[in-house]
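Per-chain residue numbering starts at 1, and chain names A, B, C and D are given in the order in which the chains are listed.
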């Protein structure tokens, strides 16, 4: 497999390997026969120098490495000491200082995985270490100098969604001096808050708040706002994305190109409309919380209402939407309290399964609602509420009795569900959504605002139903994540990424299917020779291209590639099989 | 000036530091403990994915330690803050490790030899460590520390074995407190939280009954790298615990203790019950709750699955009292919702889901920083700029703001980084 | 086999290799039978590597990776399952005991588990006896 | 080193530089840097080392079109194979397809293995441990594992083969001791492994007492017929492709099939066709199937175009282009089903077809497994066993 696989032997003169065995004080030397290891290393093919030191990681030890590289013209360095997970960068740096490409270094772990775990059998432990060093040297001989590509970064952001999250992210980036294009599907900025009345727990007016934010955005010179605008196409990758945005401006529709180094998704969510449940859609007295809130906001609620019943978890925590809506309990309490404040005579019943008011300030809010006389009734899914001629029948498990509550208004608390068009946007951005249609982040615990695809970020209820303060935090956070890219001139790749031997590529796309990071694209390549066939379709051919900045170097593509066109640099098949042979003493 | 101080090396502090460093901001990361990691390092796995905590945390800690823009100050505390947003002068006190960070390779020879055994705080005293010790196996920086309150040499000038065996000559009994002065443009508070000590809730018999433990103690017991190597043994007799009762809202949602809801406990207990089942499918867990709260992404499905597949039973009812039967079996007393009658359940092990409370030194830190705390002692922030404290240029994130799960803390940390960056770069 | 089997072990960089290191930090002793090859992801382990190892005379092959859901590359360990299954079916056809190939999930916190797995597997291979492939025919073409 | 023997053996010195080979070569049409003639010339002019390090050495599919047309009877394919053997000794390798899994599987069979490769046998099949007929199954059981993703069910060939043999009263020997024929290793330059496999197969078949060896794989058949003797001497048994055995029975009306309506075309594998000159038996078999209409591609029989890849080395974009052209020819006949008699042709062409849209897509199946679905119930004749 020489010609394609083993660049090292072509690009580089034949290997001159230096081996450094570390005593790690007593930690290795105490359990392994270090002098013997040095001797056997010296005898290995390609090894021109071998020695030992008390602590290879000490300044003295590193100096020895640098000196040896120069003195013995080493073009590969092998250190046998501890684990690469902690010490590889240190030694690689030393190699680089002596003018050796960092990828020509190999660390053999004879401490954590040898001397420390075989303390009672010096002979066998030494034999194992000998094999490990042979393996390391064999791999070193095939190591290739790798370069880390850099791509320029467009210092602009595109933010999709002009609700509170999108507005907040845009302002944060603008304050940092980055140009932002804010893309909103509706004719107006502001998102869901434009339809709300008061905000829990502060009771601040939602529309005033969002109006203030919108004004700030409009004042910002470096934020361009596109309303009635939808994303039609997305090209490119981290550093320079190119979006095509269809926008209706001054009555005429046009497709605008938007360039951006990063993209933030803040498309929000919408209230689930429970048609067919509890007479919603047929009975005008049956509303959703948002519809009630709009009435409260526009204060044209047909008062007086003597009896109002709210039912929680309508279309939530069931087979349609198995999740808890997170914000519905607080929304319901907020509206219940507003009604009580407007008219203390109004009886407000709140039928719930579990009161979801986590966190420090919300519990008191719940207490207030009970203070104001809102009546909380717990029901269970096996005895759900039913409506019959203007009454709600429900079994109160805790009271142990069946209640029959009359209502003038029946308000259904339904969960937030993903905004329309989520799947289309996900397809354009090549990012995943979860089983409910909420966008799926790179890692549920530690990367809540990132997508697995570099350069695309996420915030607000597009990710999961969020309280306002959460949405704002996430928006600021997404802005920070985006800034880690925007604030630099280039993004740098690792050298240990996949590469394509184009002459071998059949364009079968198995690699792209295996890649979780969208790092493999296909280009149409003309093949002069093909003209000699009359067959139309074969005039040009798909060839895989790896974007080194997106590639994470996992090597999955190299396993599925049928021809060997895809190779995992630094972990090539040849390097691995050579280690296997070396382990067996060949 | 492009420098920021981050207080606290837990996951929030780490995330904030990395986000700033990646933007070219120089970060001073100050941590009181000898290692980064905070609470997350003590967790076995994380809900709702059961991700191994160490697996996902370690790389982040290592990134921090390696990052050219991050200066680590472990064993350090905040002393004083002067100046104002954009130009703070900060004094930090660094306590001695009595180990030379440059020389120590963390090999642990010294700890093998050190004769002084003491309870291991990282394992909540469930196991022993030596007077010279590694905070935990994946500690960052990977450096030993001498506990001056326990080291016989530092106390009485005797022993010094560690100095004799250390192959790197890293032991330095002469080290003294060091005070450093830093000039920073902004400060991020990520000092985290403590767990409520349930001893005052005498009706639960914590400390009185050996088989009544806290959720964090359970976490260490079930952790593969914990004191029992992940085997769930009852403290009283080391027998496997197969019938476990989880007592929710221990100290939370209680007007005489902590009025607020600690947010994470319902899912956290569910996770511990699931882990217990995974270790031994004979295990049956009962979670006693008031409201079953789990509205984070995937949490509710996680609980439903726990009930369906992992023999976890959710029992509505706040636990009134725990008594002890012969054989140290805890007996849980509660009201059965369906019949409104008092009920008793005997278990092998009772786990108290204790409140998350402000870090012990939160008031002191707040005073030095000149920032307000809320009525519960958590850092007060602007509801519409949720990481801005009452003092311009001082940001806060993570559980010092109140109970939060890991993704919330991480998101807040990035948010705080964004706001801090506006002060130093904006 | 001079009584102690020789096992080629593949360990993913993020979980299992860290777990193996933890066994060392905790000084948990296990037989010196394994020769670990670090790969970035268990999904990198091609069935070819496994066949090559056995053909070269290894008595066993151990592939270790992150627990399901923990993969640093999202789904590499799922890919590993598929690759190992493929290798197993080939071994079955070739009449090589499929027990010589083992896939284990080992997290960075499971040092003890890594040691335990090596102990067990080494014992299991001892029971099976040495890899007899080399008994007839020449070694390497 | 001396390359004269190769030059002599293959009559390479007779090359007239006419270029007919290049003009015939399917590879040369898609890779303009490729010319069989030039490779020969470079070796003759002492550039053998360079040739051994040149990927082109491994790209030749040894389809034999050039040799068949060479006015000087230069045996170019043989020339390539001999050169590869030399290159292999020099540590050169072709680029192994599929991560080299197939080479591993083949080489492991040179060692001390006792395989379980006959698990596909079904209860209704009659087989024997000893007897006159040895059915050489080849790599089919491995293909079904390795190429599961292509939906290739190679073992259907084996099952049909046994049922067809049973149908004409033969209970063939099917052996777990059978090894890979080794052809692909030989073509990959690994002579030693090939030698070993040849010896082991000879042993096994002799031990079974078989007088006739039946093949369903054109490659195995060719390896035995044209390569084995040079390594293990003349073979003490007769060799034939199953279609050669069945064709006369069909003509004699002893083997009948149920109707398989539809248009099909037939791909002559290089091995069965140009190498062994077996063109008609498969066609005769197909003509024996009612309502099955066989239409020929413009390049058929000795002109037939190669499936684009050989020996599991250096499969490439070029292979794909050749395969597309092959499939285009098939499609032009109006048929959507292409039948062949080499499981590897089936695999390579299915792989290429996988990426084509409906307009160009062609299904590729094996003649034996195809007619196997239509075996008529035993018409009682004297030679029933």
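Methods note: contacts are C-beta pairs under 8 Å (C-beta built on N, C-alpha and C of every residue); 3 or more make two chains touch, one makes a residue touch a chain.
What you are looking at is a predicted structure, and each value in this text was computed from that prediction instead of being measured.
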{"item": "Top-ranked pair of chains - ranking by C-beta pairs in contact", "value": "A-B"}
{"item": "Central chain of the complex, centres being mean CA coordinates", "value": "A"}
{"item": "Averaged-CA centre spacing for the pair chain D and chain A, given as whole angstrom", "value": "49"}
{"item": "Chain B and chain D: spacing of chain centres that average the CA atoms, whole Å", "value": "66"}
{"item": "Inter-chain centre distance, chain C versus chain D - centres from mean C-alpha coordinates, in Å", "value": "36"}
{"item": "Where chain A and chain B are represented by their mean Cα positions, the distance between them in whole Å", "value": "25"}
{"item": "Where chain B touches two or more other chains, by residue", "value": "49, 51, 56"}
{"item": "Residues of chain C whose C-beta touches two or more other chains", "value": "18, 25, 27, 46, 48, 52"}
{"item": "Chain D residues counted as touching two or more neighbouring chains", "value": "99-100"}
{"item": "Listing of all chain pairs that touch each other, if any do", "value": "A-B, A-C, A-D, B-C, C-D"}
{"item": "Sites on chain C touched by chain D in the complex", "value": "46-48, 51-52, 54-55, 86, 89-90, 92-96, 132-138, 141"}
{"item": "In the complex, chain B residues that touch chain C", "value": "44, 49-56, 58-59, 108, 112, 134, 137-138, 223-225, 229-230"}
{"item": "Residues of chain C that touch chain A when the two form their complex", "value": "4, 6, 8, 13, 17-18, 20-21, 23-25, 27-32, 34-41, 43-46, 48-49, 52-53, 56-58, 72-76, 79, 83, 115, 139-140"}
{"item": "Chain C contact footprint on chain D (complex, rising order)", "value": "99-101, 104-105, 107-117, 141-142, 145-146, 176, 185, 190, 192-193, 196"}
{"item": "Chain D to chain A touching residues, read off their complex", "value": "28-32, 53-55, 91-100, 314-321, 324-325, 328, 351-352, 354-356, 360"}
